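You will see chain A twice below: alongside chain B first, and alongside chain C after that.
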Partner chain A sequence: PTLYSANWMQFITTTIMAVEYDGGVVIGADSRTTTGAYIANRVTDKLTPIHDRIFCCRSGSAADTQAIADVVTYQLGFHSIELDEAPLVQTAANLFKASCYRYREELMAGIIVAGWDKRRGGQVYTVPVGGMLVRQPVSVGGSGSTYIYGYMDSNYKPNMTKDQCLRLVSGALSLAMERDGSSGGVVRLAAISETGVDRQVILGNQLPKWSTA
Partner chain B sequence: PPGGGSGTYDLSASTFSPDGRVFQVEYAMKAVENSSTAIGIRCKDGVVFGVEKLILSKLYEQGSNKRIFNVDRHVGMAVAGLLADARSLSEVAREEASNFRSNYGHNIPLKYLSERVAMYVHAYTLYSAVRPFGCSFILGSYDQDDGPQLYMVDPSGISFGYWGCAIGKAKQAAKTEIEKLQMKDMTCRELVKEVAKIIYIVHDEVKDKAFELELSWVGEVTNGKHELVPKDIRVEAEKYAKFIGCDGRTEDGYTTL
Partner chain C sequence: MALSNVVETPASGFNFENVSRNVALEGLLEGGHTKAPKPMKTGTTIAGVVCKDGVVLGADTRATSGEVVADKMCAKIHYISPNMYCCGAGTAADTEKTTDLLSSNLTIFSMNSGRNPRVVMAVNILQDMLFRYRGQIGASLILGGVDCTGNHLYTVGPYGSIDNVPYLAMGSGDLAALGILEDRFKPNMELEEAKQLVRDAIHSGIMSDLGSGNNIDICVITKQGVDYIRPYQESEYKDKRQRRYKYRPGTTSILTEKIVPLELEVVQETVQRMDTA
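For the complex of A and B:
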């Protein structure tokens, strides 16, 4: 996308992340949308449902990611009806990749696809700008992610429980929000499993504190 | 008019008869019934196909005019009827499977594939400008998650799932034999011998003389890959079939008159 355009784009350069656990995934995001230095929306919901048990975390251009998510929601819904069964997370991820790769020159979208399906349980797939696709047990994205790679590397362990994942995600996000100017607001969390989707919001004053200031 | 009472209602697929039949589709099914038999059976860990491939000339290379096709790595297709029609449909099935994988990133489920190909076959039963496909085919697959699957599509464009089915001239006799099997409890290795036996039983030595048995399978035993049964297993299955099924055969399966 041209960065010299006259109208400022709205960005959700953010912090987003997703973690697999045995039986599902936990996803989280901050809630800041900026147009330049102005915070256009301080309570954004960046965790977008694509299907009953599949979500995506959006970072990059707000408009681009919304448009892609709408397209994939349509394609996946159609596919699910034809198949007469719940779609796979892998399918949703491939559909995101198809759009993000084909239109890579025009788009700025970093998306994490996460959800639960009965074939392979909880799965996290990351589709960064450029349109690659890779499955990871843990994935972080957005501008704030750079500040929490160290935290993730030292605190993530395989086979964590759902509550451990929730604590990990909320801790990591609040760290990133503290340091990254483009991230902030509240922490939105969602836990997706066979039984359903459990959404939470952690408000500013309830966030884990990382400094005594 | 000659040809039994259909009058002028059988000239195109776009015409119903007064008693609600589309004769062109029924005639297409007759073309299948004139072809030699093909059977497919689903067992607990895979699917086995057997085709009675009649040899019309001693000049044919062995293994030519294959009646079993590979549609995708995990999907096989056994056909009966007009072989040229069947070949073109196998290409249609291959494209469907390939496009699915390209769009969605995983193996096409067999139920979906058979419905897509059946829809294609059905389209040719709607118009007077084209004729229906003169072939039926059996699709079989094995997948880690769905397990073994078996579907059959006929010239009317309808598709059903089966545990065992037969198409072609001896389909009734073959069905009777198939019904005797407890296929849900059998493995592919056991089933291969039974499939060979059934083909030998239903083969009509008087009318049809020489035939070649084409056997293929897909299942846990092949790691989910559809392929022709290896020569040594096929030879063993044929020995079993000849011993149990019929008498008076020479070693290489050709009758001598």
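For the complex of A and C:
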């Protein structure tokens, strides 16, 4: 997308993921930000709150996604105050899509929007590079996502519980981090439901282990 | 002003006008057999550490222009506000101007609102500006400060990305410095230990990176105030000048002296009353 040398550009080459369950969503991400082959931040928080019950998972250019998230946080906050009501996840997703699509030539951002609202419960929307918007029960993104499509397809079942979802996400992320050089660090998880947001961090030595390790 | 999917196109939002301008400029320069000027970079090692009582920032003092050391005692730790200082790596002019602009804006804000500026505010202003310029401002900054919410350390990249971490190193010597920091950093260190750690980190940057060198500056920011120690440690490779390069008064002998007084006469006098009602 950009014409200038991207030597100094920081990328969230990553693995991000979101899963719907009955009553909310579980989102997860690794914690690596790279500048070329150097890891600029090994404890990045890629799960950014947009509103009380709406989060976004960021991948792509660090600067672009931070800026877009800031813009959408403002727009959504304003909208929510005007309406005097909690905003819908669909609204947040559409705001992301609007920015990502309009400036698609200049931006490099792959975002997963996930949250809980009163109307439709837990929802996951994906806005990949280019500005498409689609709702999915499960979504993975980032450079490490390619390694876990098979795992997702075989292990996701509809109507899982929150704990099953947490285990699915942490398992999938550890597998991706194991194989993808651009993902690593710790696993950050968040479970969003009507009662609130429950965040956790799984450190490197506490990650689930797999047989070929 | 509300949602972006209202009928009329909002005038605010991302502005990429400078991108096309820069492309045009580059084309103009390269096509006409003129090379775009090489900016002076501070090949640098800068580092910052959050400790129990505050924040410690450190920097080397070498500024290079190509392969020549342009300034041996360059100040890379810039004043932002009484409670915040900022280390800058990258293009020297960019870091200087950006931090100056930030400092001025925060002073005006302080006067207008009667509040002391917070570190997050400074970081957001920097991020806004650097993102708007799409990486054309080559400034990698480490901003550290103490405010009513605690001790903070942030880094802002040239493209406008922010990271908030307890210890940082930037510049061409960052890998060497980060090695020391990763090895010996502990949360809630004592001030003296933190100063020693930062000094060691900058020292390793100076030893292992050609673009960093000369002296080490340290800036300690605490609730009580700021201790800007410049230099904290001088380079052991300093040389003494062989000669004095200043001429004493009287070196050039005066042969003749002619004094011509200027004769001024009042041609016109106008009085304009100021309306002070």
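Basically, the second predicted complex is superposed on the first by the 206 of 213 C-alpha atoms of A that agree within 3 Å, B and C clash if a C-alpha of one lies under 4 Å from a C-alpha of the other, contacts with A are read in each partner's own complex, and residues count from 1 in each chain.
Simple rule for what comes next: contacts are C-beta pairs under 8 Å (C-beta built on N, C-alpha and C of every residue); 3 or more make two chains touch, one makes a residue touch a chain.
Remember, predicted model here, so these are calculated numbers, not experimental data.
Visitor: Given the touch rule stated above, what does A:I27 touch, chain B (first), chain C (second), both, or neither?
Guide: Touch partners of A:I27: none, neither chain B nor chain C.
Visitor: When the two structures are overlaid on chain A, which partner does A:I16 contact: first (chain B), second (chain C), both, or neither?
Guide: Neither partner.
Visitor: For A:M108, select first, second, both or neither according to whether it touches chain B, chain C, the two together, or no partner.
Guide: neither
Visitor: Kindly classify A:S61 by the partners it touches after superposition: chain B alone (first), chain C alone (second), both, or neither?
Guide: second
Visitor: In this superposed model, does chain C or chain B come into contact with more residues of chain A?
Guide: After superposing on chain A, more of chain A is contacted by C.
Visitor: One more residue to check, A:T44. First (chain B), second (chain C), both or neither?
Guide: A:T44 sits against chain C, while chain B stays out of touch.
Visitor: Tell me which partner A:R119 touches in the superposition: chain B (first), chain C (second), both or neither.
Guide: After superposition on chain A, A:R119 lies in contact with chain B alone.
Visitor: A:L95 contacts which: chain B (first), chain C (second), both, neither?
Guide: The answer is both, since A:L95 touches chain B and chain C.
Visitor: Let me check the overlay on chain A: which residues of chain A are in contact with chain B and also with chain C?
Guide: 79, 82, 91, 94-95, 98
Visitor: Quick check: in the complex, which residue numbers of chain A touch chain C?
Guide: Of all residues in chain A, those touching chain C are 2-4, 8-10, 33, 35, 38, 40-41, 43-44, 61-64, 66-67, 71, 75, 78-79, 82, 91, 94-95, 98-99, 103, 106.
Visitor: Which part of chain C faces chain A closely enough to touch in the complex?
Guide: 1-5, 13-14, 16, 19, 22-23, 127, 130-131, 134-136, 138, 140, 157-163, 165, 175
Visitor: Per the contact definition, I'd like the list of chain B residues that touch chain A in the complex.
Guide: 103-106, 109, 111-112, 145
Visitor: Help me check something: in the complex, which residues belonging to chain A touch chain B?
Guide: Interface residues on chain A, with respect to chain B: 79, 82-84, 88, 90-91, 93-95, 98, 119.
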